[in-house]
Amino acid sequence: MTERTLIQAVNSALQDALAGDERVLLLGEDIGVNGGVFRATEGLLEMFGEHRVVDTPLSEAGILGTAVGLAANGLIPIAEIQFMGFIYPGFEQLVAHVARLRTRSRGRYSAPMVVRVPYGGRIRAPELHSDSTETYFIHTPGLTVVTPSNPYDAKGLLLAAAASPDPVIFLEPMHIYRAFRQEVPDDPYTVPLGQAAVVKPGKDVTVISWGSMVRDVAKIAEAMEGSGGPSVELVDLRTLSPIDEDTVFASVRRTGRAVIVHEAVQSLGLGAELAARISEFCILDLEAPVTRVAAWDVPPPLFRLEDWHVPTEARIRAGIERVMTF
Amino acid sequence: MADTAMLRKPSDVTDDVLLNLYTEMVRLRVFDRRCVRLQRAGRIGTYPPLEGQEACQVASTLALRRQDFVVPTYRDYGAMMVHGVPMEHILMYWNGRAEGCEIPDDVNVFPIAVPIATQLPHAAGLAWAAKLRGIDQVALGFFGDGASSEGDFHEALNFAGVFQIPVIFFCENNQYAISVPFRRQTATQTIAEKAAAYGVRGVRVNGQDALEVYRAVRSAVEQAAAGGGPTLIEALTYRYGAHTTSDDPSKYRDPSEADAWRERDPIVQLRQSLVSWGLWDDEAETELLERLESEVTAAVARMEALGPPNPDHLFDCVYAELSPHLERQRRALRAELKDWEGTDQ
Amino acid sequence: MTERTLIQAVNSALQDALAGDERVLLLGEDIGVNGGVFRATEGLLEMFGEHRVVDTPLSEAGILGTAVGLAANGLIPIAEIQFMGFIYPGFEQLVAHVARLRTRSRGRYSAPMVVRVPYGGRIRAPELHSDSTETYFIHTPGLTVVTPSNPYDAKGLLLAAAASPDPVIFLEPMHIYRAFRQEVPDDPYTVPLGQAAVVKPGKDVTVISWGSMVRDVAKIAEAMEGSGGPSVELVDLRTLSPIDEDTVFASVRRTGRAVIVHEAVQSLGLGAELAARISEFCILDLEAPVTRVAAWDVPPPLFRLEDWHVPTEARIRAGIERVMTF
Amino acid sequence: MADTAMLRKPSDVTDDVLLNLYTEMVRLRVFDRRCVRLQRAGRIGTYPPLEGQEACQVASTLALRRQDFVVPTYRDYGAMMVHGVPMEHILMYWNGRAEGCEIPDDVNVFPIAVPIATQLPHAAGLAWAAKLRGIDQVALGFFGDGASSEGDFHEALNFAGVFQIPVIFFCENNQYAISVPFRRQTATQTIAEKAAAYGVRGVRVNGQDALEVYRAVRSAVEQAAAGGGPTLIEALTYRYGAHTTSDDPSKYRDPSEADAWRERDPIVQLRQSLVSWGLWDDEAETELLERLESEVTAAVARMEALGPPNPDHLFDCVYAELSPHLERQRRALRAELKDWEGTDQ
């Protein structure tokens, strides 16, 4: 056990993945000599050599496209895309090939790979470095989409992703890369894909969130409870596709109220799907319409306005109060 | 190729290979013509004929070793069959049947790439994996002249150059991307010269000359396998027919153009040579055509003997395992079909 | 007035756009000499010359990327992407630039352009020629997303799109390109963007659909009504982003029930957003949970299975019956 | 450039231009060094220094005409200022202020492109529009060595070649893409040679020599304006500092490398020439530095005098008009802010 930040947990998982399976290799821009722009791959080139930790040309379609071939021919690529805003040049490869290779070859080939993508705002980054467009991937059948909200899950989910027979988009919330430390086992372990976590039990209202927002919601929930407010059950979705309906529905059926909080813009953010499914399957238990607290439907702004773009504390509180007082 | 040259029998290619080149080219042509007829009769869907490009597909693929990868576009089902994909799978594919996507486990052929140029990074990746794993294996990625305009072409060639990947990029330059002529695709005279921009070897061959294609690919395979890195081969060729059966080439080119190309038909040329070398005669030809016609007929019969499409195929290979959500959707579809089978609609 | 198919109406609109504004030019693959693979641009090269009807190299990022420059420097590009499955190589240009140019330059530049994209299934097309991934564009702030369900709207919406100061993704339902004819004015006219149409009034249930499905739903609704079933109000959304909430909400408030039918896969298909918004804003008028009838969450299959992938008549009927009997 | 050559005063460039080249380069350097300090002090956000690349940005831009377009990357704010963007806007941009995105109506500068190589098709499109509209205008698109690996580089160059677009692609080859050295980016020796793959002229210049850069761009502008089509210019250069203020170059290169490049510093070199030609002296230098320091100080003051960020900026330029849905969201945010202003958080 070592106290690790989320980015250190990622680094530890990558090290274990490389050490544990010689088929694993890392691909990306600046991941070798430089150790990654966030230091996720620090030290790994020295440990595993340049055939397993590969600095590629600046070429996302090249990275994801060759990863398809690498994966289909017996390797397990873990690709780093530097920021979510830079995955778009490789979008065709993801949508047309990575996601569909198994179907398109009726199982003869598959594309087991992990695409690591730092995402989200609130790190005062330059333009286009703060997108939260997980919808593009969730809406693409064939992809698994995962995001951790803490160091322990980061390592466990990443190792599970590397072991998955299917391609996994692994979203890393930059805002909490170094926000706090947690005990993280030194040995490899997995946190299963497809399973949400109830990170805080409660009885009046279910809040569903993921990534960096989980921490915000947890604080707000505690503060509200501390001051006589409602008892919030907080569900960390962890896997965004497929959705863990069992956990989500069970919680909402218990509390009768649901609020979804995410950094993505509201229209067709994952909150829409969650709201639609909850309304369909839990309708008889709902005491109030499902409420979404999301970013406004405008592009992520330059950083001086970003705190007003994503859900603020006030908006999250208001969302919870809205379903409580409906 | 001058007539006198045709008379000299090559010493670097065995009789078996010469005959193989010929019979596989004829096989593709027989298959292709049948498919065009099947499409017209509504027995398969939209189909992209390859007639005219047989030397490119056959000679390149025969120059590979069994372990090497063929990475095709939609027009390279000919190469796929040469490398071992059963003919009926190709028929099923163009007939919209999921079963057509099956590739036997011991056949190193990648699925058909429909989005242009996207297969080239795959070819690079497949070959790169072989290099990293220390396997003696190359990959050959087919592409068209139009594909050279896409970013994926660039990124694949660049990776191949930087990582010295044992991959061959084989361009069937048939001079049209649907209706757009090659001169509108690029301001260069050739595709081959683009290789230099990636530190990659570039070669241009006569795509109507099976032997020239064969030698170029064989040499590229040898170099790749020996650690000599990638090669881009451009084969100048022509599709005699339409881009696909939905296309009308008279909109954009003069039929005399195709006629001129037919004068240099790869099959006719090789047959003349084989005859002059005493390897082929009319009897062999008749026998071959009969055999191929019945091979195709049998494959068509197998395609048409398939039962109704199986809706489970929608779900069964999307992920290694079905999520509960997809399981629910599959159950719903099954239920719907049961109802539907119950009615006489 | 001339009886026109949808594709002929598109052709007529393009002709009017070119004739009416010399800043308009068409870009695309095979749109000139060949008149487009669907003949949408037939005859236009002859009429307007090769500087206004431009056959480009096979290069979607090139088309959409140069269109940004063309639009910013005084022209109005109308680009044709051959099929929706082939827009992905230009996705980065769309998401990072086309959609954001106005914001990113604080209004100094904008990217008024139309991107015409044939989409949807059921034409027995080869692989990857049947995608319905409008979600990717609807989820992208800065884009307007439009799709007609009939020839009259096709011409009017396309001319409105060409006149819009903002970039418009114009989705053309291939399934009904030639399915039927309609009186279409020879002169230019517009159908306003952002306005849905009630194509069939009804009182028991609102069905919201768009593109080729509108026709299917209309037939089913009439058949159901004819056999004593519920009275269906059919809303053709027409503009998918922004959503015409006024029309949608007014209808649902009247009928108390809503079904959404679309060809896109269900998870984060636009039905999710509609369901979420209707549940939020019309909750007190709803007699039943909003129901979605969509494609299964798997990639569009080869064509022999495509009719089982998109909503079938049985599924649409079942959806309507489900909300009626809740 | 040999010392003797430096002594000969060029006859093809006016004294005004020579002095402009120099003063603008110094202006960028003064600005750049201040920005690095501002960032360290937390007064602006992440910032990508350009020190070392002044000749590339200044000389290329000064060789343009006022009507020509500058199409920059994140590192080309220097060129943007040279072409007329107010210094305080650049400061505001790197300070995360929406106001920093404003570009005066009469300044033909495109917004900074952050996604690599995406600006190159824009440059081609802007220049293509000029050609189609019969306007005498070219566009110059900047890019880095790393950008040459992206598909958008390829597609832009290809369009430029096919349509003979009056565009200039200007590569500041500073030999690193963040940490990745040029030799890992491509297997070719130069970027300039890649131009041939598109039928485009390719030129390589010494990016530390302002005059060489100036002449190359001037000639490319003349050719483009005369209907001679596109040019790719590669200027060999070096960034002395970090990729951005978040980067630590000691991770991937030896400091001695930068030292060696500083010996060929473009500003020092031009100053020596100017002095030897009698165009410059210590007094002029002192005066210039003072003037520039106060220019920068004033710009910083204007940036810091901006009031609190205006949340309406989130909404006001997304579409030409707000939809009712966005109007509702804007109202909600305004309401929230009102509450928030009411508290003393």
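Letters A, B, C and D mark the chains in the order given here, with residues in each chain numbered from 1 onward.
As a working rule, contacts are C-beta pairs under 8 Å (C-beta built on N, C-alpha and C of every residue); 3 or more make two chains touch, one makes a residue touch a chain.
Here the structure is a predicted model, which means the values were calculated and not measured.
Trainee: Go through the assembly and pull out the chains touching chain B as well as chain C.
Mentor: Under the touch definition, chain B and chain C have A, D as mutual neighbours.
Trainee: Report back the single chain whose CA centre is most distant from the CA centre of chain A.
Mentor: Between chain A and the rest, the longest centre separation is with B.
Trainee: When the C-alpha atoms of chain A and chain C are each averaged to a single point, how far apart are the two points in Å?
Mentor: 31
Trainee: Where the centres are mean C-alpha positions, what is the separation of chain A from chain D, in Å?
Mentor: From the centre of chain A to the centre of chain D is 35 Å.
Trainee: Cα centroid separation between chain A and chain B, in whole Å?
Mentor: Here the centre of chain B sits 40 Å away from the centre of chain A.
Trainee: Just the number, please: Cα centre separation of chain B and chain D in whole Å.
Mentor: 46
Trainee: Using the touch definition from the top, which residues of chain D touch two or more other chains?
Mentor: Residue numbers touching two or more other chains: 98, 101, 114-115, 149-152, 155, 158, 162, 184-186, 313, 318, 325-326.
Trainee: Give the residues of chain C that touch two or more other chains, as numbers and ranges in rising order.
Mentor: 57, 59, 61-62, 85, 88-89, 92, 96, 103-104, 127-128, 141-142, 267, 297-299, 301
Trainee: Looking at the complex, which residues from chain C come into contact with chain B?
Mentor: 29-30, 32-35, 37, 55, 57-62, 85-86, 88-89, 124-129, 266-267, 296-299, 301-306, 308-309, 312, 314-315, 318
Trainee: For the complex, give me every residue of chain B touching chain A.
Mentor: 69, 98-99, 101-103, 105, 110-111, 113-115, 118, 120-130, 132-133, 139, 151-152, 155-156, 158-159, 162, 313, 316-320, 323-326
Trainee: If we count contacts the way the header does, which residues on chain C are in touch with chain D in the complex?
Mentor: Contacts found on chain C: 25, 51, 56-57, 59, 61-62, 64-75, 89, 92-93, 96-97, 101-110, 141-142, 144, 164-166, 194, 242-243, 245-246.
Trainee: If we count contacts the way the header does, which residues on chain C are in touch with chain A in the complex?
Mentor: Chain C residues touching chain A: 61, 85, 88-89, 91-92, 95-96, 99-100, 103-104, 127-128, 133, 135-136, 138-139, 141-142, 241, 264-265, 267-273, 275-276, 279-280, 283, 289-292, 297-299, 301.
Trainee: Give every residue of chain D touching chain B within the complex, in rising order.
Mentor: Residues in contact with chain B: 149-155, 158, 161-162, 164, 184-188, 193-194, 196-200.
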